[in-house]
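Down below are the structures I want you to see.
Common to both upcoming complexes is subunit A, partnered first by subunit B, then by subunit C.
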Partner chain A sequence: MSTQTSSAEGGFSIGGLIRRPETGSLIGFIVVYVFFASLGGAVFLGAPGWSSWLNIAAEVGIIALPVGLLMISGEFDMSVGSVVPASSMMAAVLSGHYGLPAVVGIAGGLGVGLLVGFINGLIVTRTTIPSLIATIGMMFAVMGMTLGLAVMVKGSTSVSYVPDAVTKALLGTFINGMFNVSIFWWLGFVVVFFFFLHLSPLGSWVFALGGDRDSARNAGIPTDKLTIGLFMTSGFCAAFVGIAQVMTYQAAQVAGGQSFIFNSIMCVVIGGVLLTGGAGSVIGIVLGTMTFAVVNQGIFFAALDPNIGSIIIGALLLAAVLSNDTFRALAMTYATKKK
Partner chain B sequence: MSATTPVIELRNVDKSFGPIDVLHEISLKVRAGEVLCLLGDNGAGKSTLIKTLAGVHAPTRGEILVDGEPVTFSGPKDAQNRGIATVHQFGGTYPLMSVGRNFFMGEEPTIGFGPFKIFDRKTANKIAVEEVQKMGITRITDGDRLVGGLSGGERQSLAIARAVYFGARVLILDEPTAALGVKQAAHVLRIVNEAKRRGLAVIFITHQVMHAMTVGDHFAVLIRGAIAADFRKGEKTREEITDLMAGGETMADLEASIEGYMETHDGHAPQMNTAG
Partner chain C sequence: MTMKSRISRGLLATAAIAFSASTAFAADIFVIGGKPDDPFWSRVKKGAEDAGVVAQAQGGSVTWLGPQNYDNLGPDAAELIRQAIDQGADAIVGPDWVPEAMDPAFQAVVDAGIPLVIYNAGGIDAADRLGALNYVGAVDYKSGYAAGEYLGNAGHKNGACVNTLPGAANIEAFCSGFNAGVEATGGKGSVLQLPATSFGDATAVAQAVRAHLLQNPDIDALFAIGDADTNAAVSGIQQAGKTGQVHICGMNFNDSILANIQASTQDCAIDQQGYQQGFFAVSILNNFVNYGVTIPTREILTGPGVIDASNVELVIEGVKAGAR
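What follows is the complex of A and B.
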């Protein structure tokens, strides 16, 4: 009795570190970074290199966080790929075409994301349609509506918008001409998500949803509300990225954003989130995102054939899933007696 | 409230889903410190009965009484608040979460205030380990350990300890021993006795007659949604109960034929061609 809770308190132990769910992702990141640093040289190690992969990481990372939470809770969200262009189009139409204040455009764009997430959540909780299918359907529907809106309002697939200085500075500027301000937003989101998942009591509920939904409901957890909330968070974050894009590039495109679907899932899985739900961590997702971004951008610095980059990402994904399974098995079989 | 008032009682409860009657005229009562064993074959309506008791389904007709007062549960949470806890076959535990987090699922202790409340891991782990040990599971000493690494019996015990800690007065155990080996099952049965000793009313659902007879004070056999027999400890033999569960006919014949076979075949059971 007297020795309970002892192992976790204070002190650094190799064993404890190995059993952390993020260890596999950390090793993956270090290996990939060293690999590209050795090929990319000083430029990749310096500010240009860091800014280039951090910019990518921030964009996909803001979406990967809620997608990861959804995956931990046992759901997929494919609709993020069309929420990004839909929200930037909504913001550009409201503020650019109709000349409304930036705040209205931003609120409109975020509203699109929240609405799409809400509908996703309703479909998933009220019907038996799996979230993978429900959100693919939603993705196409939103894509069609975005195109329809753009053509109806503007008659073209692109709407331009020049934001005012403050909005631009907050959402779409490059610090030192290199580091996109989104990087700081991403860090902010990371802090919020970390608090939610790992510190707040609600975090346990997300894991429970993915672990055993029926037991979670029996334990009195409002599973439907939580699921809808998570989908809305995912819609919100995708919309945020869409708005940051319109502020950065000063135009909204109907297409684009599809890459976020697979990229976000890849970041999450490389980050050690269990595809079937119930396990994962925010730190892991962040590491997965960084790994993905380093490969994605490292290719150019290393002057490798871009096709090789795709091969590396594919191999990384497989290696990540394999190693995560191994680390999970280690954590499961661990018994305290062995101290 | 006298000592003999049942903690929970069903009076003539019917439950139908559309045109299908699943439960018919169910009446049963459980007093504090008593174990009611609900026996029934697959499809007898056990799950529906549990869900009705746990507030998942509302009865179509009839009433549920808690401490002699008629109640209507608005949902599982409401039933839980009245002290009715259900532990399911797989324990309602989450394999990839720690003992502490499992124990406090849905009732997390927090420190801090306002929106900055954080899960109090230390307290959670400490209480979880203490409570589980009080129930006789001494192998669990670290609240950070993942539940997936525990045995089936330990997971059941964790779930039962959890229910007891959160003030359950009625413990509904849904086939707690079905998936367990002999030793593990004995462990769970000991914990059922411990819960009974602490004055909980236990409803123990099983189709293993031996397990039921070990802990039960009172037995009810459910057949096709109705109570086919209702008797107290010692009033019926194991064979009689098994026969009742199987519908009253086949089991004795089957056993007789197996025994007859074994006598003539050096004690070996007959080889079945069909998958069992």
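What follows is the complex of A and C.
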């Protein structure tokens, strides 16, 4: 925890750069991008290529940010996978099926996310159930309720909704026919999360929570409130992606969204967040997300077998964890030498 | 009051027995199917009940037996088949979802001399193996073939099947059927396989389709294996700036797909027409039990039904009536 906060102020030096926790993620991103750029050619390097992987990165990235924060604080959130379809279904049912204004549908969808996050936080703070298990349970419960709601209201597993022009433009349009507006939302989220984690005093609480929960509580940090707040944030962000999807594709499906669970965790880990909590950065998470997206989309431009993409992502994940350990060890020895 | 109704009910029962004894057999047909609140099966059930109107007019009945859930499908469905035998069915309709679990129960139906029709799943092979009268249903391969042929005949000769679930047997059948259909019209077909990380994620499917189209500008026809994937693929085509150049058909449909067909952003949807499965399976058995007439055509195909701009209005009416 102390390593990345102290290094930010050290001025520029090669040693300082290597000690930055994001360095591994940055190198990973550059290597992967150059690799696919050499195979993908001009189309991948141009606007179509950039928009292609940025569209992917934006959605998974919006979820990866709070999932990463939770992981820094030592918790997992598996329920995001079912919050995505639950919120899009809620928005489609309210605004599409019942014809209520788009604002009501959006509020309903986001409300689902906040509520799920709140319950997750309560379970984790009030019981001794580990967050991994608690949120897996929540994921299945929400999945079941989404299916139940859809079948009860619509008698179908999909509900369609055609949003009005303003809503569509804000949440589900493609700028220049290519760049999904969610990319800009993602950038907005990145700024907010960066401020929260690295500039506001609350950020150090998150690191403290992941470092040692008991010491954090003894130091006067309201750990329960903070944990519940973080879970609500991840519920909110997952719900936001669900709503953006329904505005983009104009239909909500009961299934789907499950891929976000592992994809978001992979982005976070590739981005250098420590699985056991206490270390990580927003820039790292963003780089991890970009790396993940480049691999995912680069495969199609490089005309490789898509299964190779999964292999590369798997290898990247292992390499990321290994290099994190290496960089951390490097940072430790560097710091002691300096003394 | 109670006494009176009980007596009158008894009299009615006697009359019914006398009636059925004096005339031809009235067919009490039992239909085993999915959960009645499952959107697909609710259409099959409506078909069975509509055909049941004729059976009722002739003194028979149609009874729907469906499982509470799909958690233990094979054994549960086998149990329903045995229930139908025990309740004195004159004829039975059932899908051969899980042959290992269900075939012994179907065998018991045939051994008891009860006419049997297999529908929805199992194919003509199951009907032949079990000694059933016929098979009523769709064939995955032919559904894909219909889409390939439709797009190929419209002049779109370079097709790709968007496979979001590589390895699943029915999906592979859709794709190999699609490629065969395109090739039958003189074109060529390929498969765009998506990695497992993108299944169920509309954005991932859309971006994969878009990248594939940009990288392979010759492709002018796509086939998607489900309604959600079709919506995503349509978006992928739009983002690649190829609306109007790349044509798309997809399996199944929902409201937004019908709207897309109306707006010409999608060319066609392939439907296995569940209503027909219920309707014809019951009709075949009712006529056989009552009059001994048969349908010598083996394998009654209810699908693929092609929905395109020419019939989409009619389909929308069918949706309102609960038949599609």
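Heads up, the rule we're going with is that the second predicted complex is superposed on the first by the 324 of 339 C-alpha atoms of A that agree within 3 Å, B and C clash if a C-alpha of one lies under 4 Å from a C-alpha of the other, contacts with A are read in each partner's own complex, and residues count from 1 in each chain.
Going forward, a contact is a pair of C-beta atoms (placed from the backbone, for glycine too) under 8 Å apart; a residue touches a chain by one contact, two chains touch by 3 or more.
Quantities reported herein were computed from a predicted structural model and do not represent experimental measurements.
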item	value
Partner chain in contact with A:Gly235 - subunit B first, subunit C second, else both or neither	neither
Which of subunit B and subunit C A:Thr157 touches, first, second, both or neither	second
Which superposed partner A:Ile221 touches (first subunit B, second subunit C, both, neither)	first
Subunit B versus subunit C as contact partner of A:Gly211, first or second or both or neither	first
More subunit A residues in contact [subunit B versus subunit C]	C
Partner chain in contact with A:Gly28 - subunit B first, subunit C second, else both or neither	neither
Partner chain(s) touched by A:Gly203 [first = subunit B, second = subunit C, both, neither]	first
Which of subunit B and subunit C A:Ser310 touches, first, second, both or neither	second
Subunit B versus subunit C as contact partner of A:Gly278, first or second or both or neither	first
Residues on subunit A lying within both footprints (that of subunit B and that of subunit C)	none
Subunit A partner contacts - residues on subunit C that touch it in the complex	37, 39, 42, 166, 192-204, 206-208, 210-212, 214-215, 227-228, 231-232, 235, 238-241, 254-256, 259
Subunit B residues within the subunit A interface of the complex	54, 56, 76-77, 80, 86, 88, 90, 92-97, 101, 104-108, 110, 117-119, 122, 125-126, 129-130, 133, 141-146, 148-149
List of subunit A residues in touch with subunit B within their complex	1, 3-8, 195, 199-201, 203-205, 207-208, 211-212, 214-221, 274, 278-279, 328, 331-337
Residues of subunit A that touch subunit C when the two form their complex	40, 43, 48-49, 51-53, 55-56, 59, 151, 155-158, 160, 162, 174, 177-178, 180, 245, 248-251, 253, 255-260, 262-263, 296-297, 299-301, 303, 305-307, 309-310, 313
